[in-house]
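There are two complexes below, and they share chain A, which is joined by chain B in the first and by chain C in the second.
== the complex of A and B ==
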């Protein structure tokens, strides 16, 4: 009989090592092929470009940890972006007020998901698939599909286009602070532990007295708020707000989370892994661009990267399971 | 002349069957891990007889059914079907050989019609075949007529009542040419009227020479229906006896049957009661919950007291525990803890009142298998242990080490995953999680189920020590000797009600009789 230890050591470190390897490989290749790739300015540019996907992805991590998924964040980003534009331009609110209202709107959008998932017990995949259409549709209705909000005040645009000392992009502090906050929340608090318990076994968590519904609801509300924040960062960076803002971002965010080793079935995963996932995707896109490669190659390589990472993990597990089995066999054979 | 009428045909069938039984099991043994579920069971089923199978929870009835239907391969022993020895039986082969099983919950496809359900089971299942819809329907009509069911073959199964679905199952068994029909508590969810109709059908089947293995907890049904009865106890056959003699007089009594079901010596030693019993901790009055079938339960547990809860599977004991822990809140009634009325709407409420519940389903509810031991034991005290929001590995580690040594958990350490532990050790972890909450009232649901003998003894000692430290304990167990040996008083549940409270150390037959509801069984005889 195999004893205690081996049954399933946390495997996150393996995917993280894998991703560090991928990242180093990407840097090595693009340093040779890309013009101006290996410069400090470009490194900071990558931080700027990864901010929106990164914000969505780090908050997607707790969602996936509970065994859920949030497909609506890209659409909610679009809806928040056009609402921000509408509030600032048509309602005439000062931009900080409009920004605060946008964050509240994001939280409400997440709250809608949370309510349907916890009250009606609908599967998160279906609920957020529905709200994906709903939020994008609302964004298109508000702009009638054509309106484009531009001409934002420079005080606002500075947050997305400006620089701090040393050429650090202005959105970097926001992005890093949020990422750090999620790392602390998921890895160092009671709440994070509860999320893992729920992801492994919602029923088991309930029997342990964890307020499962309350925890799950918070996770979706926070994910929606992150979409609101990402919308602001996005609008500040590109200087315009259209209804199609953030299309497909939800899938990139989920890709980063899964690439980072978080189990799509819930329970195991780390925010550090997600950050590495975000970085390896962002470096890939940026590097291809600087190497004058066609844009569609980015999609192909993202797919190859994700499928490769997953296959490598499964392969590694099979390999170690087989090795374990042969060890057990050998030890059980030896006495006879 | 008497050769022609029906009873004599039954006799003739029985005689013929006596030569070559439809089904003969010899020395069938089956183990699951360390648990020996069947220990050399031998018995035979004749053509044209209703053979009752009786035994308390865990006596091996379900395992025996699964061996006969081919779901479990026996470790040893032989199975003969109609005189032919069958080397390896799988479900498909059992089906071909004419064995059918009617379960308590019919296993039909609810979205398909009756005719489609019958067609699926009875028509050859090749991927590319022509379906003769007219023939399928005609066969369904014919089979439904044979079982006397007034059901349209085009009705969707989900629109049928439970007994109607049972009839469809029986029709299906007949259509497959079943010679051996197993019925596992077929009357559990039927009304009196429906039971009578089912009995008529069973008698018809017997007349046609079908052998019926009938499993039921209702003794009066066995006297009304069965020709012979086999009693299982601890995986062994206690013996097979005819229910009536040649003149139709009963040859055994209910109390004899009950005695043979429970007639096991208390060969295990239970830790002695060595402490006094204090003031009332819990008092429950008229507690009901319609959704889970708990009905007007009143009970009282004192500090240091162990109240056992006995009853058959499905008597409502786990359901009661779930109400008491706030998992399914009560509709009416009152729970007082130390005299104060408490409202329990969620497990959190219950925890705040010092209630701890170690659930029956250890692997799904008791522990989280994918988490380490340390995280499992701290799960119910996360807020308290860490005073607020931050995880602190050191106190958590200390708590885990303390519980591991106090409860004698055998594991590689606090970081070992709960799923890697043996059943008994998992149970100790589940218990440890709740001890960490320092409860006033501990509810234990089947704490030693699937636990090996050694760990069982240790858990018994733990429970006794906990009671001695002043806890009120509610001990739910299907293991009669355990309930009797451990409890200060024994509550017996039946159909969601607490029907009797017996003193500790009561006779096993008395407890069993209360659980079976024998006292009011006399009036119902001849159902």
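== the complex of A and C ==
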């Protein structure tokens, strides 16, 4: 789109600033309007509620960095949740084994996307649109649309409902560990650097000696695995697994990523931004709930926030590009 | 042959499916059943025609399902308030065009990525509707609303005729009018189109407006099939429509694809759900099969092309 503008990103403008501002504003407002909003218990509750979307969103970040997109994560979450229930209840596997199998299933689902995208060089949008339908359809077919898996053992449910010392929700360590892992992977490794290079120009990355297909394939496999992990966290939290688990989560995850300043065309972005995006969405939802506002308002404001963040960024870039252009014009006109 | 490869392969798949059905379940071709299948597909086709324009200019619109719901509810409310259908239909179309113009403005004038813009409007319109209507159906519609008060068979005829007319107009417009060729030009190479004197921003904006207007029309075509208007109508429509367009061979990279392919793609996907019933397969498999078809169609196309080139 606006290629000329997006290249020259002024160093001090970060979309993270915008999000920190939004987050502070949200906290300031909801501390006034919400009952029991500004408490430590609620803060930890927000961490619990944001875990699934957060897991999907932090792994969506590398996907978007390569210039791709993964629309299938929400459906894959549903499929993994249902298969976990099936393996545990009907196949009679102990839950840790079923959980491990679920992660493998997630990786396989991501692998299917990866294969179609890298081997056949199909656009990720189309591939994952197809697998979105496929995975959700398989989940519905397995459960015949009605089956609901419940009654999971307490050893498993503790991972989603229990507390560690100091009232820390049990899923927090998993969530934080994964987020930290992705931050290291994306920001401090050669692999992460390769992803940006691919996002800027796949062809250029290939000439620079990057195994483009292998990198891209890994990103989708890991995104699928994250969907498997998110499925486990989800089932442990709500205590049931239905075919419609995680419907629309892909859009929430993408929203968090884009809010966090990652360019949807790839190449630039940060996991820190995504974390802020996840936080601002989770705080918004939680705060509105505690302020007795209708849940629909959260959705509307999410949309407004998304457009606001993008417009602010584009507007700022245009402004600074114009200023830079006038500076160069003036200096080239001056007699030397 | 190679040029229309995808159109031919999709049509072939459709014919195979129809042939299988002809052998195993001739009841599928009963007049009533066929009409029901086609009238259900007609609104999807109308939206898919508009989506084709948007995808041809290298954009995408995820918000069509939410626009569809807004237009349906407005049409229902106006009809209940006593407005004649000759006013209800233009109002629905205008609402859609307005929503499309908003998306188009954000994309064309501000240069925001369309997938994100329409993701935001997708959520916002749907949630606004839920907030305002609280999930309430629009009931007690006047008699002139359902099937336009003409009875089922005449109403179905009108729906099919309107869809066919829209399709024919757009085929003509895209193929034989300068404006239509500009859509392809902008989609293939925006900069080259600009140098050729086309304003890419306007064409892009126009594609979104046309899509919105067609969504408004499709909303009416869909709503008059029922006795009341469901506020959840259009949920998942965006996926159905984009899938139909893509299976029909329109490239998401812009500038390539024809409406004939889209017609075959939409019909193919529309036949799956009734086909499952007639082949006595559990209906829960519909989505899985739909997804499978999308993947196989795009993969087969790509596989075939790389072998040729």
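What we mean here is this: the second predicted complex is superposed on the first by the 322 of 336 C-alpha atoms of A that agree within 3 Å, B and C clash if a C-alpha of one lies under 4 Å from a C-alpha of the other, contacts with A are read in each partner's own complex, and residues count from 1 in each chain.
Definition applied: contacts are C-beta pairs under 8 Å (C-beta built on N, C-alpha and C of every residue); 3 or more make two chains touch, one makes a residue touch a chain.
Worth saying up front: this structure is predicted, and the values here are computed from it rather than measured.
> By residue count, is chain A touched more by chain B or by chain C?
If we count touched residues of chain A for both partners, the winner is C.
> Quick check for you: in the superposed arrangement, does A:73 touch first (chain B), second (chain C), both or neither?
neither
> Contact-wise, after the overlay, does A:194 reach chain B, chain C, both or neither (first, second, both, neither)?
Once the two structures are laid over each other on A, A:194 reaches chain B alone.
> Please work out whether A:233 is in contact with chain B alone, chain C alone, both, or neither, and reply first, second, both or neither.
After superposition on chain A, A:233 lies in contact with neither partner.
> Would you check which partner chain A:278 touches, where first means chain B only, second means chain C only, and both and neither mean what they say?
Once the two structures are laid over each other on A, A:278 reaches no partner at all.
> For A:267, is the partner it touches chain B (first), chain C (second), both, or none of the two (neither)?
It touches chain B, and chain C stays clear.
> Answer with first, second, both or neither: which of chain B and chain C does A:132 touch in the superposed model?
The second partner, chain C, only.
> Quick one: is A:206 in contact with chain B, with chain C, with both, or with neither? Answer first, second, both or neither.
Touch status of A:206: first partner only.
> Per the definitions at the top, what is the overlap between the chain A residues touching chain B and those touching chain C?
Residues 5 of chain A touch both chain B and chain C.
> In their complex, what parts of chain C are in touch with chain A?
By the definition above, chain C touches chain A via 60, 106, 110-113, 115-117, 119-124, 126-128, 130-131, 239, 242-243, 246, 252-253, 282, 284-292, 294-295, 298-299, 302-303, 306.
> Contact residues on chain A for chain B in the complex?
Those residues of chain A that touch chain B are 3-8, 188-194, 196-197, 200-201, 203-211, 267-268.
> Which of the residues in chain B end up touching chain A in this complex?
327, 346-348, 350-351, 357, 359, 364-371, 375, 378-380, 382-383, 386, 388-391, 411-413, 416-417, 419-421, 433
> Okay, in this complex, where on chain A does chain C touch?
Listed in rising order, the residues of chain A that touch chain C are 1-2, 5, 69, 116, 120-123, 125-127, 129-138, 140-141, 143-145, 251, 254-255, 258, 264-265, 294, 296-300, 302-304, 306-307, 310-311, 314-315.
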